[in-house]
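As written, the chain order gives the labels A, B and C, with residue 1 at the start of each chain.
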Amino acid sequence: MIEFKNVSVTYPGGVKALNNISLDIKEGDFVIIVGMSGAGKSTLLRTVNNLVKPSEGEVIVNSKNVTKASKKELKAIRSDIGMIFQTFNLVNRSSVLKNVLTGRLSQVSTLRSIFGLWPKEDKEIAFESLNKVEILEKAYVRGSNLSGGQQQRVGIARALAQKPKVMLADEPVASLDPITSRVVMQYLKQINQELGITTIVNLHFLDLAKEFGERLIGLKDGELVYDGKVDDVSDQDFENIYGRAIKSSDLLGDED
Amino acid sequence: MKIKVPKKPLPSLLSLVGYPVAILFSVFSFFQIGFNLEDFKRNLANRSIVTDPLFNPKWEWAIENASQALLETIQIAILASILGCFIALPLSFYASRATNQTTITYYIYKSFLNFIRTIPDLFWAMLFTVAVGIGPFAGVLALIMFSMAIMGKLLSETIDSIDLGPLEAAKASGAKHNQAVFSSALPQILPNFTAYFLYIFELCIRASVILGLVGAGGVGRIIETQRIFLRFDRITPIIVLILIAVIAIEQFSVWLRRKIL
Amino acid sequence: MNIPKQPFNQKILRYTITFLIVIGSIWSASGLEITTERFLTAPSKLWILISAMFPLDLSEEAFSRIVPKVGESLFIAWAGTVIGAIFSFPVSFLAANNVALNMVSRVTKQILNIIRAFPELILAFVFLPITGLGPLTGTLAVGIHSIGTLGKLSSEVIEGIDEGPLESIKSSGGSKINELLFGVVPQVMPTITSYWLYRFEINLRASAVLGVVGAGGVGAELINQLRFRDFPRAGTVLVVTILMVLIVDTISAAIRKRIIKGREVKV
């Protein structure tokens, strides 16, 4: 489903964020990527929808070459890839519904969207997505009036509204408390299992990774240092990925 | 699966009433202004009055006669903005809830500042030319009111939102109210005061140009006299000179702002 | 005990500024031949003028002359603000360096700066021979100056947005236009609309004044009455103007507050 072929990313200024990553992710996989800050997790995720362009190598998603795609092709590819962010990225002043509808933008004509004349089917898709994360009743509430966990659920709904084949989650729970984090992770897992959406999640909380992960990928200094089942991972493996002993800040814990 | 979709909330009163009123009022206003095509065409034919002199600007005349007035304009602005802003400084503290707990005086000062704001600067100039005579002094007085009004509003709002912590701490250690304000509140707002001062100074320069039109000194006086005789060949270079001066001062104040803040 | 010395630069800066301010004031004052004595006598002279205005001229004739002019100022201010708002909105996007290309934004900003440098009265001046005496000139002057100021302010709001939502729209396959309409506009509209209303408040004062050059509005009335020494009538003009400004200010401030705060939807 997703193939990384010798992907390297060097940012202007000389920082090498990714070094020759080759990886195969099968359809329906639930993959968790761990590593220290700056290890390249965000960069790797963004090469999948070409928000970051690889300096070398290419990324193939669903048999389409993302890296070499034209502008038009890229838009089509991206509409099949949903993404959620650490900072939720909701438009604060807009309602929850309007935020979720932005997920349908690639499918709706510009003119219609300007005047708010969303086709019925798109509105229904939006409502269903909200229902899936159990936040339908807040459809007309303003984004900024929701708690962090609720906002992230709206983010998930927005991605779901795209009817995506792939779901990318960039540190989705980093700003949430332990209980809410588990709720969000649970939704992601559920969506992956029920809808078969290939999911990649960046995390830096190790206990969370162990709780929810199936396949674990470890990045260190832009290089792939671990790829295997989560059950097979030992504390020693984690220390290799992080290059040091595990600290309490690497664990989410159970309560505040 | 039938899901329970929440009801869409009704449009707010503001949008329901506001938008139609705004649009209607706009249309009405444009009608009131009265755009008359005939008059417009006739006047357009007269445009040579403005455009011909553009090709014949009298630079020497302008520089010779307007430079002194331009200097006067700038001096008016400097004096008025300095005096106005510094007078407004203590007034603002009295006009802010945070530093003035006495309700009566608070309302007095606040209303005073609000009142000054309602009168346009040119009206002040007109009043002062009658009260103290024509000339730059009237202009300075008018702009002092102008500066006080703006600084008063901006500064009192800033004071309203300062951190009260240091103030409380000072009082707790026995300082009198005024001492506490001076040592704990004043330093907090100084950066804002400086920024506002530079902004008001720029505004004063522009306003000062205008004041001359009613005889309050500065280059406006010259423009007005020339306008009556339709000497646009002289007015244009004067305006260009003003433009250069205004932009130069603006760049200077931007530079100064960057240095200080 | 090693007491640190106050950094030399700080001291120099403070002394220079104080020096500049003091010298600036003295130089200006002497250039204008203004003495402290004149300052001290000024308030009493103003008071004499003000008291000459009372009792106000509340005759029917006075009102029939003044009220239409005051209304005219209102219309000029409103129409001018509308012109300013409509044209400044697209221009502000061109001037924002996070939306438009760097070169385009710099050029647009410079153009806006030049427009802004002209006070409304000077603009009215320029238009007078073309559009004649009357409110149309005033409206054009106010409108064009507003495009300048609103354009700059709006572009600064646009430059200060959170780019996160834009990234999310882009990542889901949205176009640049989608990003602008659904990411930028919802974020900036409340602040920009409140700037429009604030501009209206300021334009009202400007338009009141434009009458001085015959560009419509109540300014002509005031200056005429003052010249003819008809102080009670001048006083009426002042009072009516002040009232109108106060009313508009209050309503506008309330609306602006509500716009910024937004609506609560109870669920």
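Basically, a contact is a pair of C-beta atoms (placed from the backbone, for glycine too) under 8 Å apart; a residue touches a chain by one contact, two chains touch by 3 or more.
Worth saying up front: this structure is predicted, and the values here are computed from it rather than measured.
Farthest from chain A, judged by the mean position of CA atoms in each chain, is B.
Counting C-beta pairs in contact across A-B and across A-C shows that the higher total falls to A-C.
The chain closest to the protein's centre is C, with centres computed as averages of CA atoms.
Chain centres here are Cα averages; for chain B and chain C they lie 7 Å apart. Rounded to a whole number, the gap between the C-alpha centres of chain A and chain B is 50 angstrom.
Centre-to-centre, using mean CA coordinates, chain A is 47 Å away from chain C. Those residues of chain C in touch with two or more other chains are numbered 263, 265, 267.
Multi-chain contact residues, meaning those touching two or more other chains, occur in chain B at positions 6, 9. Listed for chain A are residues 137-138, 140, each touching two or more other chains.
Across the interface of their complex, chain B is touched by residues 127-128, 131, 136-140 of chain A.
Of all residues in chain A, those touching chain C in their complex are 49, 51, 74-83, 85, 87-95, 98, 102-103, 105-106, 110, 113-114, 137-138, 140-142, 145, 155, 158-159, 162, 168. Of all residues in chain C, those touching chain A in their complex are 162, 164-165, 167-175, 177-178, 181-183, 186-187, 189-190, 262-265, 267.
For chain C in complex with chain B, the residues that touch the partner chain are 13, 17, 21, 24-25, 27-29, 31-34, 38, 41-42, 45-46, 48-49, 71-72, 74-76, 78-79, 82, 113-114, 117-119, 121-122, 125-126, 128-132, 134-136, 139, 205-206, 208-209, 212-213, 216, 219, 222-223, 226, 238, 241-242, 245-246, 249, 255, 258-259, 263, 265, 267. Partner chain C is touched in their complex by these residues of chain B: 6, 9, 12, 14, 18, 25-26, 28-30, 32-35, 39-40, 43-44, 46-47, 49-50, 71-72, 74-76, 78-79, 82-83, 114-115, 117-123, 126-128, 130-132, 136-137, 140-141, 206-207, 209-210, 213-214, 217, 223, 227, 230, 232, 235, 239, 242-243, 246-247, 250, 260.
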